[in-house]
């Protein structure tokens, strides 16, 4: 009833052609890897994409048979790339031209608690622990940190249940992402980490107090701040810097002026 | 795709009732497959846009990742060779089924399946190394060695892209194994090889995606 | 094949019996009806949430809902159910599945088994998403904007998985339709003789195939964001929430064209049939349909004018959005010109077509307001936008669906519904709709924001009017359902072609036989070559 | 014909008053210009289309018009109704863009204010470091630029009277500017969905005359409730949810003056307390306010080593719990209330306590 010429006139890829294409693909892979050794700057990306596209075209034309197929399948397949490019171009049309008012990375400009950071520190070297700081730290810890880190600092606070990843357990030595030195804890308090908010709105003295208090909760005595650590945290170890430590923070008025004349 | 009701030798194979001829049915299946590949391209396009955002806005981070050898390009290169070879064996399997050489078809399909297995094994080693080193996506990233900003997000893009690509490889292996069982029952021949051709197209597409993934993730610093 | 020509010989309804013959059917007609049944059930559920939302907004302060959170859950489910489960599959999957193969003169769609798979994928996704109603109701809004959708403790992940799975049903339907139209057209049915309903479904399928995968990857990334915190959209991990909006709207704006293009297709079929006159500017409408489908992909940024998008992007997206209004205008004018000097029959489908033109014109024109950037700055995210998209979606897609439902009802079941109550229901819906949503334009300009559980006392009067209108709308829909159900049970026999239409599905008995056509149809001329004087076969009006 | 046009514009004038917020800045005036142009354009097309439909329905109905014409199209007509709308659309686009340019680029000498959106309240940080919650004090006739960011999820800052709106995005600064012309109170809404009390996240722009502004800078308290109500809704004083009803029904206190308890009720919603503390006895995250004043409660006294003691809920306990909540937490409730020290001033604490007392 139905005529029997179903698939005969369909093109069949000859074994030799298949081998040739296979060889070409291998060679091009070697070329890609070889070219990647040299640092041609942005050209690296262009060359890599070019070679990859040549390989992709070879696979499409011969292995997938677009060369011998109806043109409509080629049109269909190339439409997908056109719409992918539309997606990229118009999305980057926005991302690239956001201008200065939308400052991408907030850490460059001091967060909103800047006013507090201006206040002069009461201590000569706030980054060195002293009993008064410890007491102040304990009181602050009860007020601010208990919710997540728990009364004893074991990371089992009431709100910890809903957090992913779980709050840091201060009573144990491992698992600390930014390290257990006072300056490291101070940095975490300033910038925040994962789902922990930044406490930059607290004055530096409070943050140092908390850092020292947290270190008393577990076996962290051995981790001492070297001069180099302090410099990395933006503190002048010679003691002249006073309390306004933290990475290069610029006062808020300067920050806002900086932004306004750019927009 | 076409009616696979029980094992029917390719000699007395009939096309579906609503098509005029077997050839028209084959052309319809192929066009359907190409449209499916269009949806796959656009599915991966989302990840390529996320990758492009990182490359355009954080080139120094990309340089650090490359410089710091977070991704072992040798493993990537090996996987590329493995996948290209599997693409070749798949192409040979398709042409053998078109010529009705049943033994070759089964042989090359097995080769493709094994190569896909090798790809996944190499992938397993890469992933287990990263999990061990805590080089994990986004919030889980806890690798001491490299702390430049946005590296965790690059790792997220890496894991999402290679993970979804790996998933496609696993699905491909399942379909190829199903083909092997049907090829053993001599169901494919010059007048009916649609499933093999369609799986071939899918497999070449999976290789195509890896051809782009490899340089973007592993090589370009 | 049995050659009985009586209307009630062998047809797709009595071809085989038993639940299994329906649930495992490969017949596109049965799959279409199964889709229709589930979609209308979801429409009822979404409608109930709509009535709850309107009831709460009857007066300021919280009356019906105990806390604002339950209100937020109500509007989230109203949105999610209506968008993902009702309006997107409404015309393509329900009516399209039934009518497309018949209009191209084929026995079935290209891949019948994938068609059944698409139905069960839709059902599976729907059940997953709806299960959250009993677990922990989602309160993120149907747009799932990061970072709130990442932070919320409600079971958003399940709804995202449900929507992700339903996306594949949309892709499979689109794929099936494209291949069917390419490969299974009857002899003589060239591209310039294709009915405009098929042009619309063809363009819609292309949009479905090209846009839905991007929704799939967006939802998948959001699920991963919530589960393992990949940080691409989450600002706390350094991601960019505005990037999520780009990903989301790249799908969701084409999605609104998936909703409205098939509606335009139905109208392009109904108006010539009831004006007894060829469509005005066939080529222009087909080109406009295709134009809209393509431009749909370059305008999504107009949803983000105030989202923190750059000024340059606002310029580009606003400029391109202006282009979309032109083909839409061409279509509306062409439909009007079709009625000029036609012999208009005011049956229910035509009444709904008039309703469509009236409401869709307001929807389209208010769209221009939102396309102009500076005007959009004040109007976006207020009730003006809520009114705009309800005018275009409820007014456009739903009224056209009702037109199509009444137009093809005789073809579905071989019986004719009762015109009287159908027309009354149509008027009720028209009045109820306008009383509900026109005041919302004014509320929007006055600045009442959308998604508010409670509002300041000054917005009370207009909200009160709107809620009363929503009751009329609800009664209208119930009346339509009751009337069609009565027609199904005890409607008078309709014969194969009650409206005297010329497209292929009317050249076969109704309800149509299992294989659609008793003998292979051959197409000799265009779909709307009404020369007016041909006597109408057994027209009952 | 001219009489028709005149009465049409009179109609539009009256419509303007009823349906568009007061234009409290020059830009808002320009916005109204293009808005009404679009309204008229749309009315023209809409009336034209509906009229054509009605005429066709009457003139060409089946009973009367038996022989429909066999027309396929008319290229000339089709060209006209493609080209003309395109031109009109690009006129709208051009005019709209001109207005938008001035919406984005404000004068360089604008006074900057930092706006922080956080779940369900607006906080304003001025140049001299003072912080206010819920009320943005600005001088009249001076350009003000708001630099905004969010601490948690997306919000949006919308002032209808100034036709100004922008999303407030975490991890990014967005900005808007305005130059207020009309002194008094202008309503501010959050227009990007942000969770439970998205509808409660309201604020007020308090535009002060020149000398009032100097007083405020000098630290003098301005009685905001004495200022004229929002000009768009003259009959209403409500700028907070659940706040005073329209002028006539103001619940108590000297003529239109809200009682301390009512002010407390407004503060409880504007400061976000109702998100965790209910007023009807139902237990949310924190204890309900209903009937709690004067009760004896067992609390965990963290300041004294975490012993459980019983405390009478009085003014001092409430003040301490507002400023430093985790000091004495009622048993069975999580210590997850953020400290409000510095976010509420003395008078506001007194109002809140008064409101809690009123909830018997």
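Every chain is named by a letter (A, B, C and D) in the order it is written, and numbering of its residues begins at 1.
Here is the rule we use: a contact is a pair of C-beta atoms (placed from the backbone, for glycine too) under 8 Å apart; a residue touches a chain by one contact, two chains touch by 3 or more.
The structure presented is a predicted model; accordingly, all values stated were derived computationally and were not measured.
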Completion exercise
Intersection of contact sets, chain B vs chain C, gives A
Fill in the blank from the handout: With centres defined as the mean of Cα atoms, the chain at greatest distance from chain A is chain C
Exercise for the section: Per the contact rule at the top, check every chain pair and give me the one with the most C-beta pairs in contact. Expected result: C-D
Completion exercise
When centres are defined as mean Cα positions, the distance from chain A to chain C in whole Å is 41
Practice task
Give, as an integer number of Å, the spacing between the C-alpha centres of chain D and chain C.
Solution key: 34
Practice task
Return the distance between the CA-based centres of chain B and chain D, expressed in whole Å.
Solution key: 52
Practice task
Could you tell me the distance, in whole angstrom, between the mean C-alpha positions of chain A and chain B?
Solution key: 29
Completion exercise
Where chain A touches two or more other chains simultaneously, the residues are 72, 79-80, 83, 87, 91, 95-96, 102, 104, 164-165, 194-195
Handout entry: Junction residues of chain D, two or more chains touched
Key = 171-172, 174
Fill in the blank from the handout: Residue numbers in chain B touching two or more further chains are 27, 31, 35, 38-39, 42, 45, 49, 53, 139-140, 149
Problem - Interfacial residue positions of chain C with respect to chain A in the complex - result: 153, 182, 210, 214, 229, 236-237, 240, 242-243, 246, 250, 297-298, 300-301, 304, 308-313, 316-317
Handout entry: Residues on chain A engaged by chain B in the complex (per definition of touch)
Key = 2-10, 12-15, 18-19, 21-22, 25-26, 29, 32-33, 36, 39, 44-45, 48-49, 51-52, 55-56, 59-60, 62-64, 69-70, 72-73, 76-77, 79-81, 83-84, 87-88, 91-92, 95-96, 104-105, 164-165, 175, 177, 194-195
Exercise for the section: Spell out the residues on chain D that touch chain C in their complex, using ranges where they run on. Expected result: 18-21, 31, 34-35, 38, 41-42, 45-46, 49-50, 52-53, 56-57, 60-62, 65-74, 77-78, 81-82, 85-86, 89-90, 92-93, 95-97, 99-100, 103-104, 152-154, 156, 158, 160, 163-167, 169-172, 174, 187, 189-200, 202, 232-233, 235-236, 238-239, 241-242, 245-246, 278, 282, 284
Practice task
Quick one: which bits of chain B touch chain A in the complex? Just the residue numbers, please.
Solution key: 14-15, 20-23, 25-27, 30-31, 34-35, 37-39, 41-42, 45, 48-49, 52-53, 55-57, 73, 77, 80-81, 84-85, 87-88, 90-92, 94-95, 98-99, 139-140, 142, 149, 190-194, 200-201, 204-205, 207-208, 211-212, 214-216, 219-221
Exercise for the section: Give every residue of chain C touching chain D within the complex, in rising order. Expected result: 60-61, 66-69, 72, 139-141, 145, 147-148, 151-152, 235-236, 238-242, 275-278, 280-284, 306-308, 311, 314-315, 318-319, 322, 325-326, 329-330, 332-334, 336-337, 339-346, 354, 357-358, 361-362, 365-366, 368-369, 371-375, 377-378, 380-382, 442, 445-447, 449-458, 530-533
